[in-house]
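Here is the structure we will look at.
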């Protein structure tokens, strides 16, 4: 029993963290966020070099074949630097789906190789999301059709673009006509179910990183901004706002880690744990946004303060890969079931 | 349109307030609260002299024939001084019920005369309350039986006493055998419905008074108690706790007043307004208890600090005459109805 | 307690309702945080003014209608129920207007108030400075007396729609030796005066909702443009701040209408209600909060009509309406789920993205007009008498 | 990350479970805030000790079992799941014990620790004084060195169950010239020493749950009864305060068991759930909170096993468990409605009034072991680095 990460995992996180900090100072981050595709080509290339896109691609397809527990250290970093959804959607969620397909399928292997090499972007159209994110950036979209898994080239899909409060997200209502040629798997229901959990955990990780970023920014702002002759961060009300955010973050972390482990090991509690993680991390991000803007005061309400970027992502991600209603229902269903394994003897399943 | 009280009403409140302040310094109040019947005989006699018991008894039976809008200024005072339930139950709730009966009935008039004179205590057994409060202090209990209204002498009712966290409340599970002789009215459904609202508004008023008392005590304690070389009330967190309580109280008041007016005038919104009042006032009292004990610190957790008396009454009254589930359901039913009169044009019904 | 309206009040309500029914634009106006929308709203204000419905509580000779506060509440109820446009000149009408009535010279009242009522003059406010936000007494912008004029140098910020407005009012340090609340003067400045530079600030929604205003040797005549006594600007402004936080700025009808729309949204989405049963409580709490705020307003108006003054209660009001507004919009976002993030321009946006716009605007509520932290301090210290830190 | 238990851990769990199943009293013990209940609990502690299950993480030669922290978590899980009696000697076992292990002499360890593990000695704590609550450094009780002894005068308060206990530990000012955190000494005092007077304080529930302890020329030998260095008591106590707020005082199993009971209560009252649909969220939030707290504990234990130190996180823990406990019990009261107010002695009380008792006790959570306001200050200042006031 050891509920911590190993040194390799932590070292990898540290490396990616340094990489992102160097590549994405606030001014670059904002520029990316405001541009059309939410992520510069150059940055994308460097992320590929870092191995980010191949992180969980099987070794046979040129990836590192790492599992959800490795990803769960990285998604918070991607959130911290407001990396656009297409990265997580492609390299984590879609890759997880593709990897779960039977080996030997040539399209599976082609796509995975393309993802690892950074040449292929994949969007995922899961029915839990009414609209598909960043269709315009994707080369391929994975679509559910009566439990089947289809892969369609972007050109084969017509979609209408909706704009989000989060400028880095463009949301498409797609209409597709799946055909036998586009089908990857006939009975894909289990994989779709797992993909939903992976999508939720991917968002949860990003939300946690967003929360941490907003907290760090708020602490810094509150330490410098003076009112009544002292830093606003010395007022007890401001301190307590930010302590509450820290609390939410600290107690969402292990919940997130637990969900990743359950996913990686196909545990029966995966639905429950990933919903719990989504709720806990998004709650932390929501509170970090609210208290962040409150601590920033009028400055937080402006376009020019970077805080807005993180707030808007937090608000948008709150309902991505399942809204609160969805995830609360899943938690309720699990813990209120007659055979639920709850209580102190079931912190970890037996 | 004038949503305020007239000078007579305010003067009456002022007089009763002075009376209670003089009669119930904390040490006397505590003695009453800890004794068996929750209210000394002598105090009761003085309250009768002040006209409290006859306040809404018809003039023909020796009362002042004042309506709910007068009572709603007094119930907060009774809460403020933690007067036992039997006073409000008898002089307000039961009196309202009896007054609504057809005139001329000799038992009605006998009972009302007895209440005004302070000779008769009446308990009310309404099905919204699983247990009857202070049966042991009552001479008569009013009981619902298939929509009928019955009045039984205490001796005719067997009951088993349950103790409450609020020492002034003893809760009886009664078993009665209503008979034609005990029947006051055959079709009493409307009166029972109105009695429920009156009971709820009576409790709401007391809860508001309890909240105010706990706030006043907390402010006083926080202004005197020193820690870290200054009064704890000078810390911002403590200030904000108590400001939040003040806010709840200020915005519960008009809701309470509105409910009383609706009751006095048989408005169609009475169910909604009395439930709203019950929820708002009890919420204020609940918060005042929580923040009160927090501001008091360890002292608030003791039997010897008077705060406990008010906290315990607040907790107990929270479910008297309908718990939160009941009143929220009624509000939801009313405001979600298709013909609900909601929106800015319906602050007051048209 | 007399909770029925008089025949006059009912007639007034009927008149306002009929007028709004006939005149309220069928298509929502463009946002007043754009030049185009600003002018559309000015036009609407003129129309209101022509019907003497712009400032109903102002006296007739100043462009109003001489209504009492109950009639004002009725007007607001009808206005929000009709879905009429947001009021674009609130700074002039609700902040400066009452100040001029109390402190202005007769000449100033005649000159400014009717043009405020009609919105021929649109006003921006000049309270905040980069280092004087919550701490308003930290004002540094100077107004030096030079003969019959003041010469202004310095900078204001967070001036709502100053980029479009005609005038600005604000506090300036007229006694260079003074500290904090002392030695400030309340001045009125045309925004086209030489030396005034305006730099827009984009708000969360990307629109140029406010601006920084720079003053570089800006000269205004003292006799005409000073409100109240020289050096006593703080007292003048505080009266205005009281109005701002108080009754008039956020009339209850606004939140009652939002609560009503929220109930409609909730009922239109039964499948969300089923998955999220706790929503019911959030929705009815929204209604209860708005209803309580409205009842409190009637109660306060009744007391004011009997001669009472609004004190620290204004600070409670501010906390209540701003947090109510947040709660209403957060609940709407919870109902909308994945549709909540869609901007008005998105084809699938619900209600034209108005819930999202409202949600963004609600974020500012606990901040402007004095942060809620400051308001709670005021409640604790002035209303409850707790000791200062 | 390795989330399965080892064979040894599973065996240990099985052993504990079997023992508890056989030995846990069928009938709940009388409240330990009474003399009768206190002695019943002491008996139970002896029984635990005989099975070497009293202090599983202590070394064997000091009366423990030498378990690691994972095994401690397992023990706690089984203990709470079995509904075994509350631990009566937590002050000795969780506060003083670790302090003695870190700062005590070998002689002190041998003398005191086994008797703490067995509860032959029951300990009260002597931190607070009438004017030193949250502000613990304001201690005034004096311990004057007189030859080989300290002579103690002063008063302590809020000493849990001191009226029944055998010993008290606490801080006393040994340097009369000193201020605040300096010049304090950590002393152990038998409560039957001449000059000690104990006056019980009744708690909310009417029981004599704590006491004031008066010291009137109370003489204790320095060599035996001083813990750590003379004048360095603050440092010794702070280590203990860290333990207190930290992991051991409130093991997650306690709240997981409460959350489980809450779910059972909720499911047993479907008619309330129907009238109050929002309850579902409150119930699952209770479970999620307890589960998160448990997972955080395992995570922390894993980090500690790798050599990490618990810092300001202990303050977050304190805030989280105390507010979780409140929330769980408030939700139970909401489900119970009118039955919530019934005391255990009432015939119709649900679950023997245990929800009400728990609700009352939960009120103290945000207060004792450092108020949550102080804890949040610590989080903000030490963990986030915000400036001190």
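Order of writing sets the chain letters: A, B, C and D. Residues in each chain are counted from 1.
As a convention for this text, a residue touches a chain if its C-beta (ideal position, glycine included) is under 8 Å from a C-beta of that chain, and two chains touch if they have at least 3 such contacts.
All figures in this text were calculated on a predicted structure; none of them were measured in a lab.
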Check your understanding: Farthest chain from chain D, comparing Cα centres?
Key -> C
Study note, to complete from the structure: Contact tally winner between B-D and A-D is A-D
**Study point:** Chain centre separation in whole Å, for chain C relative to chain B (CA means)
**Key:** 39
Practice item. Please report how many Å separate the Cα centroid of chain A from that of chain B, as a whole number. Key: 52
Point to revise | Of all residues in chain D, the ones touching two or more other chains | key: 278, 280-281, 373, 376
Revision key, fill the gap. Going by residue number, chain B touches two or more other chains at 235-238, 240, 328
Point to revise | Touching residues on chain D, where the partner in the complex is chain C | key: 277-278, 280-282
Review point. Which of the residues in chain A come into contact with chain D in the complex?
Key: 1-6, 69, 215, 219, 222-223, 230-231, 233-236, 238-240, 242-244, 246-247, 250-255, 257-258, 261, 265, 276, 279-280, 328, 331-332, 335-336, 340, 342-345, 347-348
Check your understanding: Which of the residues in chain D end up touching chain B in this complex?
Key -> 128, 131, 133-135, 138, 157-158, 201-204, 206, 272, 275-276, 278-279, 333-334, 336-343, 345-349, 356, 359-360, 363-364, 366-368, 371-373, 376
Review point. Chain A touches which residues of chain D in the complex?
Key: 1-6, 9, 70, 73, 76-78, 80-81, 252-254, 256-257, 259-260, 263, 266-267, 280-281, 283-284, 287-288, 291-296, 298-299, 301-303, 305-306, 313, 316, 319-320, 373, 376-377, 379-381, 383-389
Exercise for review: Can you check the complex and tell me which residues of chain B touch chain A?
Suggested key: 235-237, 240
